[in-house]
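Worksheet for the structure shown next.
Chain IDs A, B, C, D and E follow the sequence of writing; residue 1 opens each chain.
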Amino acid sequence: MKLYRRSLWVFHLNSGSCNGCDIEILNALAPRQDAERLGVKLVGSPRHADAILFTGPVTREALPSVVRAIQAVPEPKIVLAVGACACGGGIWHDSYCVLGGIQGLYRVLKSMGVAPPKTIYVPGCPPKPEAIIHGIMLARGLAGQRQARSEYFEEQGPAVKAEEDLHRLFHKCFPGRLPPKTARVEWGVTRY
Amino acid sequence: MRSSGINQVRPRNKYELMIDLRRFGEPRLRGKYLFLSRIKSGRLRDLVDYLHWRLGGYYSTSIGVDERPLDGYFHVYHVFVLEEYGVYVLVDLIADPGHPVVESITPVVPAANWAEREIMDFIGVKFRGHPEPHRLILPDDWPENVYPLRKDYPYDDKLPTSDKIAKLVRESSPATWEPEAPGDHTVIPVGPYHPALHEPEYFELFVEGEKIVDARYKGFMVHRGIEKIAESRLSYNQVSFIAERICGICGFTHSTAYCQAVEEAAGIDVPERAEYIRSILLEIERIHSHFLWMGVAFHLLGYDTGFMIMWRLRESIMDLAEELTGSRKMYGANIVGGIRDKWDIRDDKAALIKRMLDEIREEYLKYIPKIISLEEIKKRTRGVGVLSRSDARKYSVLGPHARASGIKTDVRKYRPYAAYKYVNVEIPVLDDGDIYARMIVRHEEILASIDLIHRLLDNIPKTPLHADTSYIPERRHGIGCTEAPRGEDLHFVITGRDNKLYRWRPRAPTYNNLLSVPAMLRGEYLADAPIIIASIDPCFSCTDHVVVVDLRSGRRRPLRTRGVVGGR
Amino acid sequence: MTLLQYVFLLPIIFLSVSTVSTFYIRGRTASIISSILSLAACLSMLFLSINVFLYSKTYRYDFIYWPFPSRTMNGFAVFRIRIDALSAYFIFIIGLIGAIATIYGLKYINKYSTEHMGFFSLNYSLFILSMYMAVIVSDLFWFIVFWELMTLSSQFLVSFEKEKKRAIWAGYKYFTVTKIGSEFIIIGSLIAVFVLNNFNTSFRSISINAAEPLGFITVLLMFIGLAVKAAVVPFHTWLPDAHPEAPSHVSALLSGVMIKIPIYMMIRLFYEFTAPGLVWGIIVSTIGAATLTVGTMYALKQTDSKRLLAYHSVGQIGYIVLGLGASLLLVSLKDYLLAGVALIACLYHLVNHALFKSALFLTAGSVEYATGLRDLNRLGGLARYMPYTALAALIASLSISGIPPFNGFVSKWLVYCSTFLAGGLLLVYGVLALFISSVTSASFIKFFTTMFTREASRINASGVREVPRSMSSSQLVLGILCIVFGVFPLVPLSLILPVLGVEAPHIYDVIGRSVSINIGYIGIGSSAHFYPLVIAVILSAFLPLIYVVVVKGADARYEPWTCGSLVEKRKLLYPARSYYKDFEEVFGEIYSVGDYFYKMIVGIIPRRVYSAFKRFVGLAEDPVVMYMVMLAIIVIALLVMGV
Amino acid sequence: MVWLNTLYGVLNACFILLVGPLIDGVERKIRARLQNRRGPSILQTWYDLVKLLRKPAARTGVPSTLFRLSVYIGFVNLLIVSLFIPSILCGGMGFFGDLILFIYLLSSSKVFVLIGSYSSGSPYASIGSTREVSLSMASELVLAEIIALIALSRSSLLLSNVFPVTAVLRPSVLIGLGVLGIIVYIEHSRLPFEIGEAEPELAGGYTIEYAGRDLGFILWSNTIRRTLLTTFLIDLIIPLDVLYHLVIYPVLLFSIMIVFTAIETGWGRLRIDISLKYVKRLSYVMWGVILLALIGY
Amino acid sequence: MNRIKVLLENLRRGVVTEQYPFKPIRVPERLRGKPVIDPDKCAGCGACVNACPPNALTMRDDKHSSMRFIVLFIGRCIYCGKCEEACPFGAIRLTREFELAAENREDLYQVVGLRLYHCPLCGEPFTTVRLIKRVVEALPEEQRAAATLCPRCRESVTAHYRSYARR
């Protein structure tokens, strides 16, 4: 956002996190990684805030207060989902009383008719203060994104050829007579 | 209720204790655990009274287990710690699934109030005679007879978030004519997102002018269903990672306690080098946590320079941790049976630790004596938020909070675990119980920890890093206790089949200290509320599953602290 | 010329007609008649006073009613009326506030039940008549008669709501305390007339030499009598009980005008009857400083809206008396310019106080009219339902706390100019006055914010509606007057300077020569051009900017932020009682001293008198008997003096 | 002559408007350096202000127009003060009695902002504003005593007459200046007395409900108020002529601000009742000084 | 007096802040950063999927396009290093990279798609071609043929022959 290139005031919103990430946010303000030199200041009231540092996997109990807090921040706002719990729900992403991070929250917001704000994901458990600062600079458009989706698909040709060799190898050893099909045996190892 | 008349001579050791307990039920002794099952009808409360009040043991916690797949019953274990005999007494009550009702022990031991209500929430066992049989932890709109910790309940079953929550957010109560009730003070919500508290806990302060008339702690859920996930999806070693993420500050204490519990249950003896490394990392974490607390305390007193100094020192501790374990906070070194291979502390690392610790101590001693003697720090902390020794015992507070009020409790000294067996630990104890005393206790503990690490590093033995944990027997009970930076941390484990736990329950120290906060807040200035709340160094993600009653829906009566805490 | 000459009779005619008529008519019609007639009287008073100022005329009329000349009686035989600049100034105040209060009262009175309405309207017009007569008569004896009449009628106005126990008790207390006060005046005037001026009671002839002991005693007695009525510190306890109980437009008149009449007499006493001396300057300014401190500090603690305003009346009277005392002191020190400034400050604050205090009482009354509540702890969020009342209350609150563009500031500024430069004792009083002005602003922040802002209110706000048009318009007129008097000091100063000429000619010569007519240009030796107008111009220059920035910016509406907790709104209200608790604890010495005096003096004396009075309760209840007793006293006094 | 003075006044006002946030930036830099941090750039406060002024504001509270209007009226009051206080240029729209108007406008700008914050309805804003009003009442007593002392020693209420009060070197005047220094420190709401806006306790105190443009104007008027108070202190010391004002005034202004910041980083926050007691002790000192001055020293 | 000593001490200590976004910072060699799957080494065996506590690594067999997708979602990863220990081929490794901020969720994924191997007898796709190739190469000569079958077919085939042997 151009408006926040020089100064960004940040509000810390903890929706049930283990406060590992909350301490790293404060570390970003500590002398070693002084965020104030980049114009970042932690403010106490959401009215003063431009961006929300969102941590925690949004537990069911915290939902009303979280929704009320997000609505309390005035409009041109950015949400930084800090930490594994916020980005993807962390270890307890599929627990019965957790909404699974920021995506779960946005589903509730959509059902309430509120448009989800612009979001930056900062993974890490807990993310280093430098990673948080990199996220903030990315949000303000001052730093490039070092992370990209990478996909690798094995070429079909050699794989199919290798499969035929193996089939030929098998047919070479066990020619012709094939045993009748037996009942399907359920293997014990559960796999999720 | 005291059972009088049994003027029998006190049992001298655990074997005599076992024989003595035969009058209440069938005792079975295995190592440090004395199981008491098939309690004679009507003798439960006498037993609890005998254990808790007469033998000088103290009630630790209660655990509800759904053992229907094993023996077709719900089990409720009440855990009593008898340090004198060095034994954990587990009172095992059985409730049949058809009509799950068990007699409550809260009238005798008020501290059991919450643990029993948690069992009601999660297992569905009703407690006859319980003073406040209301829901404790589960959110407001949780359906009535759905009990998450039962085996038949799928762990990832997502209940739809009812529109009630959306209404809760939008609803603004109309201004209704209500005459001003006498007790009608202004309510100042030191709420979930108050800048003084970086965790979502929630205190309601009743204020008259600038003075706090009354304070009420309303449970704010950081409940993430850890126990259910551990039972259903994670294997033994994976649970130690979720244990570490119960709390971002004292994570390693939790994973160590968990691993010790499983090792106790399975009878694995951990090689000495692993125990030494565990103790070293525990002490590093204690220093880190105390530095953090000091910084936050100075910030709340308005002295930001102190906050910056403390957190600058803390950075070097976190760099040290990063060198040793690869991550600033989540060390991830623990697996059942010892330490993971890559986390070994070889000689170059030992030299690095010593050098860094000396640097930190020298710099720390340059600042702290001056800061503590500052005039306005003294004026804002001396005599503020006082917790007398009798109150401390009444609310059974733990850790530095108790040591500042004159109670000598420390798991490292009185029930040594890991490498504390081989090293003696001296603990600072003060009597005047105000915030200043807590600050001094934590200051002393930092220095004591630094010496402790030096001594541990000097005589670290050369043994393999972890024991063989291929076979873990089924259905064994185990209790692991450690001294977290905030107090005694207790994990109860029942081992299960197929490399998975059957039941796991962590109990964190903060929920004992938490009870004393409303008592300390009463009568103080509003400006001192944040520093008083922070003085017990609350870590609410630790207490996620045992957290106090929520007031919002009429159904749940507000927790009147006076009512709950009789007890020791 | 002939008809104009008798215009001063007009108000008397109107008011006496309405008094007589309401003897017979009962109920709603009586109140309407008396309101219309007193409105007409007030307007004619206004016309009269403006007549005096513009054409600098003085009316003089002697009415002889006792034909037989006798040595002792010649003083009493003549009923002298003389309207000069000073009395015209007070007539202006009575007329202005009387008119507005009567307009306000038209609709306001319907709130009350009609069974005592006749008696109320009778007293109402009698009250205004007695004030008017007290001011224009230039005869000491007749002044006392109308003074008593004023006290009597206002007592019945105060205890109008018969069913409220407090109102009756307040009425009794008010009457007993002021009755004792008027005893002092009677004795003082007797000595003055008989001993010093051989039976000549006309103002012009009285001259008391304050140096000799007997003269000093008479002045002292007269001063004490006046001080009791002006609610000065040691005798102020009746005001905070009496004014809140009266209906709002009456209490506006009471604190706006009635407690000014003693100031009128004090000015006459100190400037005409005796030469302003150093001793009296010190005494009066000390009492003024004490009044403003005690009055305002106690006002800080109140949580009842009208009681808070009453205590502030005591405080503001302190400013006026301080101004008067300072002028006396400075005249005796021959520093005529500063003395002039002090006197102007006293008179200017007089009219200002009349304006904003009656505006405040009227707004408090309309809040009570709409919600029936006076307790600040439970009020809140009324600005949404009563915008005009809120605007008037805001303007009045800001002007009483002396915020620059409003009128309170100019008169306080004049007080400071005179006291700070005088040095010595006055400097200390000036410091106290400046500090107390910030205490006033703090307590009026509490008054305004608890009543009109902060939505989380505890009252059933849904049923509240804006007060009828006549009531809200009268409040707004007062508000506008506050602004006009603040931004253009020329208007009131042109009223005050003729007074200076009449009362203190030697001060006027000094003031007149060194400073042009609009005193705003007081520039002792430098090209000063302080002019509240300058500030107003600057403010108005920025108003378009403010309009563009504020009103235009249509922004989303938010709920107040309660840290995300779901506390119900009603519990969030920060009640009035806990506003300045810390400040009261730290600056608590004043209260402890006050409590001691309160317990010692006030507790004992009124209880004893009250019990005595209770014994005659049957008697006192019946109005006819009261008048008989009054006439008897007067006749006896006449006989004694006559013979 | 009048037009020249008005021109000087306007130039003075512009100087104070521009230099206010700059000084705040310098302060933040020094506070960071004292806490081993690199600290933001000098213009950081300007960047914040520009960002805030471009953001839309939030309407809340019952008379939401009053809630928002009071901020701007408070700002304009301070602007008026800067017109007649000689800062960079030694002239200004002075007039008789503006010494008192100076005190009144400072306190009235605070009154307006506090009325606005009260009307926002949040309990934090109410408590923050109550503390702010109590503290300003107490410090106003001491300010009144200082004004009396100045008026007594220079026997005039006109700023241009009064200003180089050091021309009259008397012990009472010197002590008065010392006490004025302390009171200016308190009126800056510096740390031991920064109670109205206590960040950790009241989440922003009386500014909790303001957002965007309103918050920008509040912060701006805070910086201007600080500069004005320091200018008043400096003008009492240096004589009123061009050279002094053009050269020595800015240097003195920045040095005083730096000294204040250094003191501020060393302090924690006092509670409201402790600070009120402290200010009351200060007022007793001033009563003694006035007595001293009255006697003749 | 102590106040001033503390400030002087701070001044003597000087500035500690690092120029992070403008100059890179020192990263310890043991730092557990972002896990990266090396596509060539990965055989799609799923051992890491089993070992990952927060289910950051998930496996999806797409029968239609007969491809097996190993999906690594960095957002949910807790950087514990269990997958690195579990992988038999050392395909997944924790790098020392920690600047992982991303604007949209898609950038946090790493997908490795491997071709599924169909059992010669019943034609059921049960594992990846690469894995079978590596297993077959590792086995001695005579057992290789049996390894190419899906577990069900292999079991019925061996049972069939074993009955012959007994007979």
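To be clear about the criterion, a residue touches a chain if its C-beta (ideal position, glycine included) is under 8 Å from a C-beta of that chain, and two chains touch if they have at least 3 such contacts.
Only a predicted model underlies this, so the values are computations on that prediction, with no experimental measurement involved.
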| item | value |
| --- | --- |
| For chain C and chain D, chains touching each | A, B |
| Chains partitioned by contact, chain C not counted | one piece |
| Farthest-lying chain, centroid of Cα atoms versus that of chain B | C |
| Chain pair whose interface holds the most contacting C-beta pairs | C-D |
| Chain nearest the global centroid, as defined over all protein CA atoms shown | D |
| From chain A, the most remote chain by mean C-alpha position | C |
| Intercentroid distance (Cα basis), chain E paired with chain C, Å | 88 |
| Length of the line joining the C-alpha centres of chain A and chain D, rounded to whole Å | 47 |
| Chain A and chain E: spacing of chain centres that average the CA atoms, whole Å | 18 |
| Interface hub residues of chain A, defined as touching at least two other chains | 31-32, 34, 37-38, 43-47, 64-65, 68-69, 74-75, 90-91, 94, 125, 128, 192 |
| Junction residues of chain D - those touching two or more other chains | 34-38, 56, 58, 123-124, 127, 131, 199-200, 203, 208-209, 212, 265-267, 272-273 |
| Shared interface positions of chain E, touching two or more other chains | 3, 6-7, 10, 16-17, 53, 78-79 |
| Set of all touching chain pairs, with the criterion as stated earlier | A-B, A-C, A-D, A-E, B-C, B-D, B-E, C-D, D-E |
| Complex contacts: residues of chain A adjacent to chain C | 45-47, 64-66, 68-69, 72, 74-75 |
| Chain C - residues contacting chain A, complex | 555-556, 558-559, 561, 564-566 |
| Chain C residues touching chain D - in the complex, by the definition given at the top | 381, 383-384, 387, 390, 394, 398, 401-404, 409, 413, 416-417, 420-421, 423-424, 427-428, 430-431, 434-435, 438-439, 441-442, 445, 448-449, 452-456, 522-524, 526-531, 534-535, 538-539, 542, 545-546, 549-551, 553, 555-563, 572-574, 578-580, 582-583, 585-587 |
| Residue ranges of chain A touching chain D (in the complex, touch as defined) | 3-4, 6-7, 9, 31, 34, 36-39, 41, 43-45, 47-48, 50, 74-76 |
| Of all residues in chain E, those that touch chain A in their complex | 16-18, 20-21, 25, 39, 46, 50, 53-56, 67, 73-79, 97-115, 117-118, 120-122, 129-130, 132-133, 136, 144-145, 148-149, 151-152, 155-157, 159-160 |
